[in-house]
Amino acid sequence: MRIGILTAGGDAPGMNAVIRAVVRSAEREGHEVIGIKRGYKGLIEGDFIKLTSRDVGGILDRGGTILLSSRDPRYKKLEYREKAYKNLNEQGIEALIILGGEGTLAGAKLTAEETGIPVIGVPCTIDNDVGGTEYCIGYDTALRNAVDAIDKIRDTASSHERIFIVEVMGRNRGFIAVEAGLATGAELILIPEERFPREQIPEEIEKAKKLGKLHFIIVLAEGYCRAKELEDFLLEKIGDKYGEIRSTVLGHIQRGGIPTHFDRIMGTKFGVVAYESLIAGERSGFVAYEKGKFYIEDFEKAQEYKPIDREAYKLNTRLAI
Amino acid sequence: MRIGILTAGGDAPGMNAVIRAVVRSAEREGHEVIGIKRGYKGLIEGDFIKLTSRDVGGILDRGGTILLSSRDPRYKKLEYREKAYKNLNEQGIEALIILGGEGTLAGAKLTAEETGIPVIGVPCTIDNDVGGTEYCIGYDTALRNAVDAIDKIRDTASSHERIFIVEVMGRNRGFIAVEAGLATGAELILIPEERFPREQIPEEIEKAKKLGKLHFIIVLAEGYCRAKELEDFLLEKIGDKYGEIRSTVLGHIQRGGIPTHFDRIMGTKFGVVAYESLIAGERSGFVAYEKGKFYIEDFEKAQEYKPIDREAYKLNTRLAI
Amino acid sequence: MRIGILTAGGDAPGMNAVIRAVVRSAEREGHEVIGIKRGYKGLIEGDFIKLTSRDVGGILDRGGTILLSSRDPRYKKLEYREKAYKNLNEQGIEALIILGGEGTLAGAKLTAEETGIPVIGVPCTIDNDVGGTEYCIGYDTALRNAVDAIDKIRDTASSHERIFIVEVMGRNRGFIAVEAGLATGAELILIPEERFPREQIPEEIEKAKKLGKLHFIIVLAEGYCRAKELEDFLLEKIGDKYGEIRSTVLGHIQRGGIPTHFDRIMGTKFGVVAYESLIAGERSGFVAYEKGKFYIEDFEKAQEYKPIDREAYKLNTRLAI
Amino acid sequence: MRIGILTAGGDAPGMNAVIRAVVRSAEREGHEVIGIKRGYKGLIEGDFIKLTSRDVGGILDRGGTILLSSRDPRYKKLEYREKAYKNLNEQGIEALIILGGEGTLAGAKLTAEETGIPVIGVPCTIDNDVGGTEYCIGYDTALRNAVDAIDKIRDTASSHERIFIVEVMGRNRGFIAVEAGLATGAELILIPEERFPREQIPEEIEKAKKLGKLHFIIVLAEGYCRAKELEDFLLEKIGDKYGEIRSTVLGHIQRGGIPTHFDRIMGTKFGVVAYESLIAGERSGFVAYEKGKFYIEDFEKAQEYKPIDREAYKLNTRLAI
């Protein structure tokens, strides 16, 4: 069998582990793997490359994706998808493994339906917000990066007894904010899912300062509001009464770096399950991980709302005293 | 209520997160926490210290244990335990939270039985080998340390095209070896649970070299054999035919360093569950984590044999090609 | 002798190494050290604390400053300085060691002149811009932080073939930008000291893309212009013709984290020299480091313009091909 | 001009930065660079590969050496060198740049003398023991690795109040031991250059324990004695009177990992100087760095004894109180 593989949307650390696992599993059993470059863009433009076990040597600990990635809105139009399908056909690609977030998996679903060839998705996104699966590749590394950064900021926040707003990724969701906040003992976590009233923040700061805390760190998911906005609000309300107010946006550093052992191991397992499912006859769906088990889930599930760990969120409030 | 807390046996990164969670949860609800220093030693010798929320500030990201730890064989003798119980009584300690591995939890069980006061254990050991719970605090950080070290060794192994034996912790068990090996793409993993025949190793090395691999890394759990022994065996069998042979013992660096976000978060959760179980009336058992759930498990379970992830072990063999 | 010590202005990793070295050197020879909290603020407000060898144990590898820091503009006014001098007198402080950047050292100079007690400065600033000394404590750690962050960004920049603007600290100076750019092989470094014409940037990007580079990373000192401004300029000029354009501001993460071995060693040496100079009878000046030698430099020198390593800047241009 | 480049002896982090700088500098000015694989072995066996600017992209932050390395004693024999010279001649190689430690530079000297072609050496060794130059590429990264490891060990040493012996690299020299000891505040540093009397160690331990120190860390250069030997000696003399005694050998992890910013920057500068010296007509010698300046030094100098920083050694003794 000739299997195509692509990575689309935002890159996620651990994608290379998935690619390596697919290529080596397939080669071992006599199948061929074709890398498609830059996600759906390469599918449309026919940018293909053969991948062997040696090509994926030494990539387990590399961030990003060796296949490159992009967001190509053209894939939403039938005319471009048909172009892509023609390329698949010409290259003799009989099955696809597609890595990415929910947008990418929606494209994978369409592709499975319209081509009739088996398509298996692998949820990869640092936002961890794909429905139907506890874990998405890249999240653990993003969390490590956010925690490393907040640890650093705490040093300077303490030395200057500052109120510090740290904006982490999460356009609509608070996954990174909740766990990074809990891991760093942040004084306050602000997420879109639990709209802590902005007006109460000054009171929280006052309470903490009375307890003798040197700093007050707010971990803010970008989906709650932007850091600058909150900084301005607090400046207006409390000025520097409880210490200077500073804000920082962690941004793209959350996305890179050497993948954690967890993302390398999970990436490897997700990749193997994707490959084995294909071989076992699966025709459509994505690899999901729940309670220690891997299985293939319907593509629709990926779009479902995935709740955050509300317990963890509450826990932090209780412990940040 | 006055709650005593102690850490015994080998220290594990994340113990401080457990201590912090217990102290802050208790103080919030009006209970008092007494730290017992150096594990059972401090219990016998009456080395107690009051812990407040401020005392546990800034310890979430510190390795080791602020309560200090030791192995004190005297606690196996009734006369010393009675001395300890007298101390508990005099201090008015009405409940205990005890952190450590299986040996420590065995002591906790005895204490619960003999004193009649509630005793809750928290499994903390980098070996991850306590039965009845998927996870033990400290394991994730130890894994990170092992993986970081193997990543470094691979650089030099590749440059010199060497065969490298890296001995990781695991006196009887292969937990660290299997996952560290998988995360680093080790060419071979040797663990006590799966006795890969030593005689076949030269053959594996030959195969890998024929595939064009620059290095051959063996991740060895100390329970399989010691690094030096394997090095001598290979030297005798193959000399430097396939590259120079080197070995290294990671040792105590696996135990230290800033706890990972996972150990900080899990430590916090384990600590909260330990405290809440006490308050809810639990009288004996340890906090266990299985398939995303926390609960109290009987102390006996801690001594049960906990199987390694055999799938992960096999996976590595298949992918290291 | 009773020696006062304070840290003022922006905190710098390695300040704790200086404090430790002063306290331990002094205690060893029978002198006493008084810590003054929050810089000149604590001097004005009389916030003093005795420091012993044990108080400075375990701080060598801690970021920030255990003495806390602040910027207190009141110290520019004579009435507040007189209040401070009164405090010094009352406390029996016979000499001062003052850690900080050029603003802080200007205050140290005034203090020496007006009180007549010996005052020794230690240049500490991540900007490395104090005149008269090759090195300022904190710069090496800031550089490590910036390089770590750019390494991470490069992963995602490559995967998406993006043009990435990374803004690093340096309000008026390009020290961090030049060395961080050189260490990461940035495609372009923009600093206030060498005003590379903005209009030529699109051309540079085109050249690099023609050479087959996947990404184009611009390391930008904030003193050249702000990241957003450059992003907007490039968007207007070239849109996404050569790849998407992104920008990120590293901000405060540059300031924190475990001090590097270099800052710990240099901090220790600066601290010892400061102490020994006092004992040897120096009355005014700051510790300078040039070409492997430490000596006491006049305070005026601190305000002099310190040139960047122009060779390094040019080197990068030549090698980024 | 066609320039050959090779890396020999122990690999050192930052060698890739040197290679990149040479290749890009040369290509820019129309010269060609030929990589010789596995050091002198590749020279003897004619294992050559063309290197272009693209081949050295993305290697700045990679440990080890992309050219591979080895120790080949055959190069000490004229017959093999003549074979090598024939290869050089056949390949039209007109000049050589050779990276390595003092052994490697001795080979470079011979090659320059016997072939008459220009040969420039670059001192690369984590031991930092090449004479005539303050700095050798790789030392800073090795130091970082050693300090990271000792920081980790201190966590567990403190928690168990242990005496810990940490053996670092340095067969004949104490460079790493002195600076790693100073950066971590080790209680004792043992190096071959200053034979601290073994009999006095128990006394030092007693003193520290009386001061209230939780741990006692000995940083031991392997050239003083081996860790096991010292452990046995201390066990015999003091048993566990002052805490349990443990030892660990850092070994090869000191050699690997992402090169520090300093090794990347210095590697780049050493490489450029090597190339430019060749172009400027230098015929024999190695790049040396002293007091902020780079120049070409006679090969003989490399063999000279280079003193350690005795001040730093003494400093540590004074501050470890």
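Going in written order, the chains are labelled A, B, C and D, and every chain counts its residues from 1.
In this text, a contact is a pair of C-beta atoms (placed from the backbone, for glycine too) under 8 Å apart; a residue touches a chain by one contact, two chains touch by 3 or more.
Given the structure is predicted, the values throughout are model-derived calculations rather than measurements.
Novice: Centre to centre, using CA atoms, which chain is the farthest one from chain A?
Specialist: The most remote chain is D.
Novice: Determine the centre-to-centre distance between chain A and chain B, using the mean Cα coordinates as centres, and give it in whole Å.
Specialist: 29
Novice: Which whole number of Å gives the spacing of the CA centres of chain B and chain C?
Specialist: That gives a centre separation of 39 Å.
Novice: How many angstrom between the C-alpha centroids of chain C and chain A?
Specialist: Using C-alpha averages as centres, the distance is 34 Å.
Novice: Pull out every residue in chain C that's touching 2 or more other chains.
Specialist: Residues 151, 158 of chain C each touch two or more of the other chains.
Novice: Strictly by the criterion at the top, what is the full list of touching chain pairs?
Specialist: Pairs of chains that touch one another: A-B, A-C, B-D, C-D.
Novice: Which bits of chain B are touching chain D when the two form their complex?
Specialist: Per the touch definition, chain B meets chain D at residues 7, 10-11, 13, 38, 62-65, 68-70, 145, 148-149, 151-156, 158-161, 164, 214, 246, 248-253, 255-257.
Novice: What residues of chain D sit close enough to touch chain C in their complex?
Specialist: It comes out as residues 20-21, 24-25, 27-28, 53-54, 57-58, 60-61, 134, 140, 143-144, 147, 151, 179-180, 182-185, 211-213, 258, 260-262, 264-265, 268-269, 272, 291-292, 312, 315, 318-319, 321.
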